[in-house]
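Below you'll find a set of structures to go through.
Common to both upcoming complexes is chain A, partnered first by chain B, then by chain C.
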Partner chain A sequence: MSNPPSATATQAPAGSAGSAAASASAASAAIAASAVVPEAAAPATSAAAIICSDLRKNYRDTVALAGVDLRVERGAVFGFLGPNGAGKSTLVKILTGLVHPSGGQGEVLGGKPGSRAVHRRLGYLPEQFRFPQWLTGRELLSLHGRLMGIEAEAARLLDLVGLGVAGDRKIGEYSKGMQQRLGLAQALVGDPELVFLDEPTSALDPIGRRDVRDILTHLRDRGMTVFLNSHLLTEVERVCDRLAVIDKGSVIAQGATEDLLQSPGLSVRVGELPQGSFEDFAARSWSEVAPPTYADGVITLPGVAADEVPAVVHRMVEAGLPVYEVTFARQSLEEAFVQLIREHHPGSDGRAGA
Partner chain B sequence: MTDPGTQHPDSPRGLAGPHVAGTETASAAPPSLAEGCPSPARGPDGTRARPRRGIAAVGPRFLQVWYRNAFVFVKLWKTNLFPPLIEPYLYLLALGLGVGFYVSEIDGVDYLTFVAPGIIVTSAILQATFECTYGSYFRMSFQSTFDAIISTPVNPEEVSMGEICWGASRAALASGAIMVSLAAFGRLELIWAPVILALQFLVGMQFGALSLLITSKVRQTEYFNFFLSGIIFPAQMLTGAFFPLSRIPEVLQPIAWAVPLTSAIDLTRGIMLDRLGLHSLLELAYLIVATVVFMELALRNMRRRLIG
Partner chain C sequence: MNPGGRLDDLRARTDQMLLLAGLTWKEGVRRRTILMGFLLTVAFVALYGVGTYYAFRQFDAQPDSASMGGVGALGMTLDPDFYRDMAAYQMLSFGLFVSSFLAAMLVVFLGAGMISGDAENGTLQTIVTRPVDRVQVLLGRFLGYASVLVVYTILLSGSLLLLTRVFSGYAPPHPVQALLLLLMQGLIVLGIVALATSTLPQIATGITGLMLFGVAFIGGIVEQIGMFLRNDTAAAIGDAVHYLAPTDSFFRMALGRLTPGSMAVMGEFLTGPFGAPKGVEVGALLYGLLYLGACLVGAAVLFRRRDL
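Now for the complex of A and B:
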């Protein structure tokens, strides 16, 4: 395991809470140089990092989880979404051993959630975690290492999250973003195989979010499994390989991120159409699929796959349509999320706390 | 961890496409899947071994929780040490020198000598009580510190024991501070200081455990007012700390003796005034039993509070 070069640490200005750009470069360099997960670790006992089967939790008369089925493969960055009160935190707490389920089965890293053997290989950043303001970042990591029963590699972890030069400053002097990155470093103490992150980017500026994205991507590249619970759908969309959506205690969708994002097709902005050209194009070329539509200077072609776009544009030009702009539109995660919630609960406004 | 490329031949995308509720079921759980609900492990003889709870579940990792609190405390030693060092002196000044001026003798000794053990013990219980009520509650509910700790190999019982021991440590610290001044006033023989300090640690454990038991039940800090105003402060006043128990109505005296604090004060006074006897052993036994009971209840209820 190599330590990042000291030069990277000195690139970030000390004491600059708002110096996200400088710290970003330090973080990126640290990521490139740092080996987060040891090459040899405990043997995998299960192909999946997390398996939930009919996992249930009731709080008296309130059903928090109504039977969750979930599978997270090892090495994945997994996004977990749902409206406020959907059961996200309950599931995370069950999987981290902080809450006992009422029923069903759960497996984390091949073991029972909450068992000491699993906790040794687990990292967790709780939501709304607050640090003792008068400790330094280095001291916090050291204390957490003692709780893990190890000596934390504070310097490496601080470099990894771009806090290399701020490690000896009091946490009270950190910006919110720096504190959040410190929380991420704390979750990585002990090189866990699986890390649960509850809203790790909520207090970060755009550059800080990009830093965290880079770190998460790097962790995945090193084989670490990341379970990301986030309200920020854009972040989840960018960083997660797979995701699940939970609503009212049930997982209503899970799968590869790109598979959950439906493509509405091709959107083509055209100039003034020659008489009958659009009708001719629509009749000749696309009668076998959902027909193209024209409105306000835009022709929409549903169901067009990405590799069909060049041929479609060629046909349009051949048909005499004045093509100005071609957009291959993909549904955003936010749109997909709202659509899923609405489909699951007709009449809902899809209000997404995610 | 091995290289992901070899360790995970089935990449995440190798799974089936999106799973939408109602259209596809999740992978069946393997037979070995651990029960999410309490799943007692089986012992070598095939019988189900009951998971350890309460004091039996405490391992040495509670010391790391204690160390964490101590480390944070020392970082702010100037602020943190001021109240426990100053408050007992104010009591000494007000009661020993102020009230004592008007009381020539009480229970065969001057008032300062009489009240000194009471001040030592009440200082200890207040430190332990505040640490394991407001202090623990803030760490549990507002800072999510306990969540972060429990996600490590430290279990809930060890977290609670670390908190109780830290409360007891603060109790001993406060008692030690007042004992220094009492020694200066000639009211304490130094040879007994370690014994008295150890006794105050025990008292701190007892009130720390009782306070943590309360903490495991409250949902808002305002509820601590009932505990403090309804139990701690009356107990502080009516258990012989500042005047002899003989002054309270006889009908209430058994109740006063049922409160372990009375035994703690009487035992401390017995050590300081060389009035130990067989009753002192009974008082010590009562203190230990009460401490163990409070601790067991606190650890079990905190487990319920922390992990449901």
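Now for the complex of A and C:
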């Protein structure tokens, strides 16, 4: 029961060969302690929703995954980005047990990918999927509920994805967008702890995309972990707390979304500079950020936050700089992404992961 | 853990398999394949019935050598009852050959997509990521198609047996055993298809199923010719083909269960384009069961290994 006595008791046989009763209780305490350890250890290893270490996959002579290390915490909306063919779907398929890895280890919700125990707590929307066209949307959800051993809340899920009125129509009559909405509802059957969504908005129009974004936010608020594969960067930028970028089978960046989005700061177009005015301006207190630079009529100020812009402009004017145009540019995920992929390509052999 | 838990688990797994098996029927009803299959089967049975009816009405009208066509013209004298039974048996063996061929085609066409087709189009991926084993998915789907085969065989081959009985009066000695053997033939085709579909693409699976069925049939004919001409090599080739695919062997054992006792004297000379009847051999029965079992085990192993 209580830990301190068992800890001292286990040392007892080594220290003193005292009473038989004492060593007997020590033995039973040790057994009790060892019986408790695996259960106590389990939550510790499953604190993260997903852990990949050196996960590899080869198809004949092509490398799909070249040693991926990844950690996704519970309750996060995790974005997984990469160009086509980078290995996004392969990773998700390994983590859902569809594809067998060539090497390395994956852990999902503290268990082995593909095991029944894990699948009971999982939802998955594949990139390429097709539901039986002769079932209705409601029947499909109830089928998946029965496979989970539960009664699917078909009505709630259909409403959630905006298919409330179409639930009793055959899937064959659904548009592509409707099928994708149904696919999302299917992934949410049984209120899973973790959902894998592989390009969930590829067939959706802008309204559909916004709906999905709202649903993802809603899921996160309910504590669900979402693993989102996407190449739609603005989407990932808006909903994901953390993200990883994969290219040629290797993760080339991962971290909090805002950390991966570096702000290039302010760029200011100026007229002809009065003698000494730029030096004067540059000399004023830029201790915490990189100093401003001037080139071709544009002054660049890296690392300026949005709320600092008016003060910076005020100081420029004070220094006598003729300001014509001020552009505050937060680097978009797209720029960050393109930059990352470009940086990764030269000299890369696609095996940089492990 | 505890026996009750294990029993509950087994029940849950069985429920999942039956759920998947039931989908086969639901699909058949919704896509009207069952309706079309049923209507065309009725047409086939009706044609067979009409043919049998007229053939034996003619026979009843003139039960003499004139109605015996070629046999009568040769001046042979035959016992009319014997001749009648032989004619009925020939009709039946022809009808059953067609029906068993149709059953095999049905099984090949339905079953070819069992794993590979559904894996290719993305139907399977959302199923196997549910808390089910791939073996359950395989067996569930196999059971679904097997149940279609059972119903189809009983309706079609059973109707042929019944119509022959009604119009010719001929009562084959072991009709139920014959039906069971025909069923086994279809199940072996389904087993081959299950094995192929768990690793080959859908089209390759269909071709494999049909080709093996055809090869077994030709093998049976080679074996017959070998026996007829007392050519041991041909007989051995035919025999070897039965090991490759024992479908023809089961068909011929089924015919053997329907042969009139009076025809036994004709022995191996009773060859025909649709296979000569043969007696039930325990070895052949066991081999067929083992073959089917091996197909399913192989299918399970391959399906488990397959990347989807």
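Details
Assume the second predicted complex is superposed on the first by the 254 of 354 C-alpha atoms of A that agree within 3 Å, B and C clash if a C-alpha of one lies under 4 Å from a C-alpha of the other, contacts with A are read in each partner's own complex, and residues count from 1 in each chain.
By definition in this document, contacts are C-beta pairs under 8 Å (C-beta built on N, C-alpha and C of every residue); 3 or more make two chains touch, one makes a residue touch a chain.
It should be emphasised that the depicted structure is a prediction, and the values quoted were computed from it without experimental measurement.
Partners chain B and chain C, once the complexes are superposed on chain A, run into each other and clash. In the superposition on chain A, A:Pro113 contacts chain B only, with no contact to chain C. Once the two complexes are overlaid on the shared chain, A:Gln186 sits against chain B and chain C alike. Contacts of A:Tyr294 after superposition on the shared chain: neither chain B nor chain C is touched.
In the superposition on chain A, contact is made by A:Pro132 with both chain B and chain C. Once the two complexes are overlaid on the shared chain, A:Asp259 sits against chain B while remaining clear of chain C. In the superposition on chain A, contact is made by A:Leu70 with chain B only, not with chain C. Put simply, more of the residues of chain A are touched by B, taking chain B and chain C as the two choices. Once the two complexes are overlaid on the shared chain, A:Phe328 sits clear of chain B and of chain C alike. Once both structures are placed on chain A, chain A residues 93, 96-100, 116, 119-120, 122, 124-126, 128-132, 134-135, 143-144, 146-149, 186 are touched by chain B and, in the other complex, by chain C. Contact residues of chain B toward chain A in the complex are 1-4, 7-8, 10-21, 25-30, 32-39, 61, 64-65, 67-68, 71-72, 75-76, 142-145, 147-155, 306-308. Chain C meets chain A in the complex at residues 12, 15-16, 19, 23, 26-27, 30-31, 121-123, 125-133, 305, 307-308. Chain A makes touch with chain B in their complex at residues 37-41, 44, 46-48, 51-53, 55-56, 69-71, 73-76, 78, 93-94, 96-107, 111-116, 119-120, 122-132, 134-135, 139, 143-144, 146-149, 186, 193, 196, 220-224, 241-242, 250-256, 259-260, 344.
Those residues of chain A lying in contact with chain C across their complex are 93, 96-100, 116-117, 119-120, 122, 124-126, 128-132, 134-135, 143-144, 146-149, 183, 186.
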